[in-house]
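I'd like to ask some things about the structure below.
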């Protein structure tokens, strides 16, 4: 009979009128993000051995590593910049990191007012934390991790 | 006799129902389309050229940006093409194969979900749009768990997948698959069974078998025209030959068939994922592949059944780490070329629907 | 609750007490009534915009605007400020005079219909003895504004929208009038208050159910609401006849749409749902409240239908109007006439 489908549609929408709503009230309620979420980057500077694998893996040459050789002829990280405005968020750099120094964070509110501010300076923005190896002796840690890998 | 004049209407590139930056110059007689001319290229990013300056694995995230509604499936097509070139198709671990099938079918659900939603929107059924996107969002949340991003997960790797998935994921996936049938019934209730919707779509822009084949239609649009051909069943790639599923076929090839077929395909995808969840073995997810991928000199074409049709990659290797040439065969680019023919003689309201029924994604059309 | 009538009498007594003649007092009272109705409309338009956004959100599993104030009532203020603050853009190639007046006339026609709507016993600005006829006549003039807006914008989308609007509104005028005729035949009067009185025992929706359905469909088409919002045609015509309007001129179109919706709902309430009459003898609730309740039920059904159905195609719309609704409404008149004849023959 003509009209059956119309009535069925009306009944479906009426049923949902009283349903639980799915809207996420974002600024108040933060989304529940999975562990694999690719938000922003974090570099544990003491762990980094400045090997450059991440820069090599990057499809877009986002990562700029500055390093110098110290007295033991070991590479020492002196700068780690990410041109995040060109970043694809593919995660190859994190995968490539042999020492797990480069990690994803769940930080996703990356919008800024000035374009240049999108770029990350992971070396100078590093905040030492007790979970990491002691930042005072990065050289030693470098040797250990280098041997381990 | 009154003098009448044809009206040239410029639809797009900024228009609510061109599904992206696509422009179409319509010649209207009253409100009936006399002629339509496609204008594409607004979203051209030169992906094929970019591939030449990227290594084989570095191009994987770019394939996400082709048809951005079905990132995982695009990755699968590219990765399988490179594997074929390297000759390691047989070495992919079992678990990775199953994960790939699950990913591809999840992506099909998401892509068809966006089709149902946007198609409903083009008939002005706003509410059905939200119902379709409700399930799509659950799928996208699962894809976020797989790859970390909603649309550009970058999960497939040459030789397997990026990482194994945790037990939680499978639990949630199972839950979603159990809920999906009821959700599809809801789309049927609010759209498919609706008399207004049927009168809008039935008998509109009939694409015959011959015309579909002449224009090189693939995927759901081809099957809607009555050609019984599905690469998953007829030329099984990966492990698709292990699953039991039906290939729905359209009868008349009109806009309604193209819509209904996709809804039916969603049910089949759910079936495939359920089977895969039962069969999936434990084991590694990555084959032994050298860190630097250097395929032998030669060329390869591999094509898979993407949600929108056959997505193929033609890769020419000169033995170095970067492909000499990568050519992308994108299904919607081919099918969009039939739009002027399909839209001719129809009402302008139908032209919008026909465009939606082709299910174009401009990221793939323009590459 | 005769509070509004008491209030009116109070003002009237106050004015005449100042030594103004009866005729002048009548003019002042009409003006007061008109202002009251305009305030009524504006409040309803504003609430309806919020209600539409909230109700549609609930249908679509969303929450809708809920940030400003309780249940998002402050959103209305924000909308008003926003539309008032927008730049008034008039396209270079537009017919400027027609373009400017089109939005005003569209809103004005929406307001005029309220002159004959009985909100309660005695609560009517002018109880014309051709009340329904007046409503229909005023409703038809809205067609002109749609055409004016579509034509003067100098935009192809707007022109197609305007043309669609004219075709649709004129076609659906006819079944709407015919469906109302059945009620007029039963009541034996065109006067609104008489029709409401005639429904004391039985609402006309019972004997005139077909007419009610036809009226409902035709009225939806008449006020350009989905699924008949072809002149607006968001998907193919972007915004249809008011595509070039911005700021307060655009807001007038939006407000007129809601004002029209309230008007046709009020007419449906008056003619089919018994107006201010209380059902089941529940007379302790005042008539005005009954009227408003029925009005809101009608408005809710309009929202419900809009957020469920897809839009019709233009030619289907025309076929439906001319080949189905008009014959059906004519048949309804015939059946009603026979019924009245038999009823009179039996009761003498």
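For reference, chains read A, B and C in written order, and residue numbers begin at 1 within each chain.
In this section, a residue touches a chain if its C-beta (ideal position, glycine included) is under 8 Å from a C-beta of that chain, and two chains touch if they have at least 3 such contacts.
Worth saying up front: this structure is predicted, and the values here are computed from it rather than measured.
Engineer: Tell me which has more C-beta contacts between its two chains, A-B or A-C.
Structural biologist: Looking at A-B and A-C side by side, A-B shows more C-beta contacts.
Engineer: Farthest chain from chain A, comparing Cα centres?
Structural biologist: Of all the other chains, the one whose centre lies farthest from chain A is C.
Engineer: Roughly how many whole angstrom separate the Cα centroids of chain B and chain C?
Structural biologist: 45
Engineer: Report, in whole Å, the distance between the mean C-alpha point of chain A and the mean C-alpha point of chain B.
Structural biologist: That gives a centre separation of 29 Å.
Engineer: Using Cα averages as centroids, what's the distance between chain A and chain C in whole Å?
Structural biologist: 56
Engineer: Which chain C residues sit where two or more other chains touch them?
Structural biologist: Counting only residues that touch two or more other chains, chain C contributes 59-62, 307-309.
Engineer: Return the residues of chain B touching two or more other chains; collapse runs of consecutive numbers into ranges.
Structural biologist: Within chain B, residues 127, 131, 134, 190-191, 194, 196-197 contact more than one other chain.
Engineer: Give me the residue numbers in chain A that touch at least two other chains, ranges are fine.
Structural biologist: 6, 9, 12-13, 16, 22
Engineer: Inside the complex, what are the residues of chain A that reach chain C?
Structural biologist: Chain A reaches chain C through residues 6, 9-10, 12-14, 16-23, 25.
Engineer: Show which residues of chain B lie in contact with chain C when the two form their complex.
Structural biologist: Interface residues on the chain B side: 7, 9, 11, 15-17, 31, 120-131, 134, 190-191, 194, 196-197, 199-200, 347-352.
Engineer: Once bound in the complex, which stretches of chain C touch chain A?
Structural biologist: Where chain C meets chain A, its residues are 55, 57-63, 304-305, 307-309.
Engineer: Considering the complex alone, what residue numbers of chain C touch chain B?
Structural biologist: Per the stated touch rule, the residues are 56, 59-62, 156-157, 160, 164, 226-227, 229, 233-236, 238, 307-316.
Engineer: Quick one: in the complex, what on chain B touches chain A?
Structural biologist: Residues in contact with chain A: 54, 57-62, 127, 131, 134, 137, 141, 144-149, 152, 154, 162-163, 186, 189-191, 193-198.
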